[in-house]
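Here come two complexes built around chain A, the first alongside chain B, the second alongside chain C.
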Partner chain A sequence: MDGMRFPVETLGLGRRGLAGEPLVYHCNFYNYWLQKTVLLVDGLGMEEVIQDAAAASVYACLKGLGVTDFAQAEALFSALGFGLIDLSSVSADGGMVTTSVSHYGQCLDAAAGAPFAKPQSRFDAGYAAGAGAWAHGRPSSGFRAAIQACMSVGADQGRISLVGRAASECMTTYGMGNSGRVHRAPETWAAISQERVDEAVHGLGLTGNEEGLIPRFGVMLTQHFAHFYNRLSYEFLRRMSHTGMRMAGEHLLIDAGYRCAFHTFGGIFNSAEWDALMKPLVYSREAGAHALASIVSTLGWGHWRLVEISDRRAILRLYDDYESLGFQSMYGTASRPVAFLAAGGLGGLMNLLYLGDILDKPDLDSGYFERVFEHPDAFNVHQTKSIAMGDDYSEIVADR
Partner chain B sequence: MSFKRFADPACQRGLTFVYRLQHPAAVEVFAQKIGALAQRSQQTWGERSVDIWIVPRRFECQFGVRNLEIRFMHRFSATARQREADQQRFELALSEALR
Partner chain C sequence: MSLDRVLSVDEVVCLALRISMASLNQIFPGNLGRLKLLRVVLKLGMPELKHMNPNQSLDPMLERRIRQALNEVEQG
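Let's look at the complex of A and B:
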């Protein structure tokens, strides 16, 4: 599949968009942990949210692209790293969709470390429903999708049935949504400009290969819909609040961010790509942190700037972080900071650098994870400012 | 043999191998030996130029990811038998390129 057919734009302050939908890179570990987290508590109705958020995201993206043929929807699935999907049997009344390769069906087990008891390809089902609905002129929730077979539980291919339904309410995306008040993030690292890092990272061609997967940095990447992540996270929190467990929900989302940092950031630090692009500029842990922040700033997450860093404390400022902007666009002004992924990410980064000696390229196995992330002197994180609360930037402090 | 093969510990499925060479490979010889099925491209990683060959849905190899280092990655879609045959074929072509 030719990923170049979809012109992903890099906008100001590190945001990335395709056809009016913000995109962010995330790996199979975060995709696994986020899905596991939001499904932890029975009775929240999050399975439906996952499928509806996927359907709404792809529906809006295809609408923005102005394409109605299934070939484009299939190519988009591949280009974004979700695998290979066949939508050709879907009629206006429904039909059967198959996936011969699936990120959610095949790549989450490495993160889980054990076989799955239930199908994991809820995103694929939502994607199929949304793409089918758009192609046949239905509202985004105009198809009910059911997973008939999933490779995560041993099937040789994924099979998703679609049946038309009358949809009274449709989830919608917020498009590119709000942006922050600051138009240029301060430079806090003089070794290389953000523009050069953007150029170098995107020169790596981080789009789906001919299998529709993005194996990079020791993980399986996806270039995913920011709306999807934000809808899952904040709808989960909203529903947890009704049960009196909001704080537990926040901690779980931060934990998913820790795990993302461990695998994605750890994988980046250990990669040949890091050695080629960044290693010549990195002469200390602090330089390593700045260099990683500049790479993160190319992933669609907003611009990350470390305004203070030492072996005991770091202050990270986030400009146009996708979490805060997404929350604000969906729910209005927040009463508490909402950059949970970024908070976990900063904690993970600091632990990797100062407790795990990541610049020495250790093996990223479970023993290392336990030694570093469950260390009694591990970093704690606190969110101190938030764009979602009306601040100019979001801010996270890590200390120990 | 003028290369050493290692399973990449970062690869979660054991599909990626690192080849360390004693001296540079002749990439044009490799290109000829690996055959027309492989699609060739090039990427620039900082100061480094990386030559890439992909046989769709079977494997990808990247020459020059580090000094005297090649990365070989099987695809998910390839069967175990196909993977074994492809890796043998790759190593044969590499050996020719290292003569």
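Let's look at the complex of A and C:
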């Protein structure tokens, strides 16, 4: 129902958008590790960035949809896989928002592996603030949101208070932003067309269920705002630029992508959908890599094309990857490649295939993760080209 | 700890007080350990940790700070 109410467009080169806002699928593992990483350094103000990025994203999306009633904002929250939110008590001055189901409040613990010391539902708070602000004609940062209770730290429901504030500056999104110069990615695997893979994956109806969640491939998916992810990643690095720790920050963003790949890609390889669509076409690890790249190309991440693949080395080219386009749209030309999620993704893919024998469908438990991660011959990844730097495509090399 | 060399004052104090003097490699073993070290670097705001000899015994005060930060980054 909600999928019909919010029709997500598939644009060229694997981009997906709703009401002028780019969307990407990501799992609870990535959502956890990204948030954990950007909050590691005290004093960067990243808590506010998380909430403001969420508020700006939902505000722009609701504005693009042309809806002003809370029922639509609540339905969108559910359709995108964030859970169940009740905005009905919010007046022009503020009020209390509740979440009876929350991706951020309830689904990150599988990735954390340890109890939470702090609430995890900053995105929910930003969403509530942005939706409330749009509905009441305020600027996107016109409400200050405070988490009063969060299920991640034991509450039976999430509670977020909103208080009106005079906002001097508002974060804005970049809409669909720039696109790359290449209009068609080369075909590097002839076994199945990208169009057919698009049709099969989008035909799965990956939108929120009756609880507003998207449990699929052994993970909890969200169909999330690309602006949100990009703002978190690049604002984190920008604020780290004079600390001498930026490179460490980049490594950890790549690690977040690695963990995302490991669990989501691993879950896709192990799924019934893989068996139905891809298994008959995959007779080697190399074919498995091409097949997975074609599935990734349906997730809103841009088109992934492997132009070289062997047990020692892979070259991945990314066409219209959401990270590079988002960076360019927000900050202009980059001095360094910025496709951290994709870099970690390629590393995860190669290690799954060549070290973890993922095509044999192993159990994706923590022991398996550690065994593959600690392998002495694991793949390293290097970014060699970037759309954000002016190249026609972004490129990542994995080798060992 | 080998006793075939002259011990530093710190090492003598640590031996007397039965305080372990671990290296970064001992606290952060393996690939996962290296990533935990990066998280501790960010948590403590100490980029210089990345450039230390990973096999050198740590100053006990520094080791305590590192272990405390490690506990924090290992929480959810």
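Things to note:
To be clear about the criterion, the second predicted complex is superposed on the first by the 399 of 400 C-alpha atoms of A that agree within 3 Å, B and C clash if a C-alpha of one lies under 4 Å from a C-alpha of the other, contacts with A are read in each partner's own complex, and residues count from 1 in each chain.
The working rule: contacts are C-beta pairs under 8 Å (C-beta built on N, C-alpha and C of every residue); 3 or more make two chains touch, one makes a residue touch a chain.
Remember, it's a predicted structure, so these values are computed and weren't measured experimentally.
Aligning the shared chain A places chain B and chain C next to each other free of steric conflict. By the touch criterion defined above, A:L277 reaches chain B but does not reach chain C. Look at A:P215: by the touch rule set out above, it reaches chain B but stays clear of chain C. Touch criterion met: A:F116 reaches chain C, while chain B stays clear of it. Shared-chain residue A:A378: touches chain C; no touch with chain B. When both complexes are overlaid on chain A, the residue A:A166 reaches neither chain B nor chain C.
Vectors from the Cα centre of chain A to those of chain B and chain C enclose 110° in the overlay, to the nearest 10. With chain A used as the common frame, chain B approaches chain C to a shortest CA-CA distance of 16 Å.
Residues of chain A that lie in the contact sets of both chain B and chain C are absent, per the superposition on chain A.
Contacts from chain C toward chain A in the complex involve residues 30-32, 35, 38-39, 41-43, 45, 47, 50, 72-76.
In the complex of the two chains, the chain A residues touching chain C come out as 37, 40-42, 108-109, 112-117, 120, 152, 243-245, 248-249, 251-252, 255, 370, 373-374, 378. Every residue of chain A that touches chain B in the complex is listed here, in rising order: 100-101, 106, 110, 200, 203-205, 209-211, 213, 215, 218-219, 267, 270-273, 275-278, 280, 363-365. Put simply, chain B touches chain A in their complex at residues 8-13, 16, 43-48, 54, 56-57, 60, 65-66, 69, 71, 73, 75-77.
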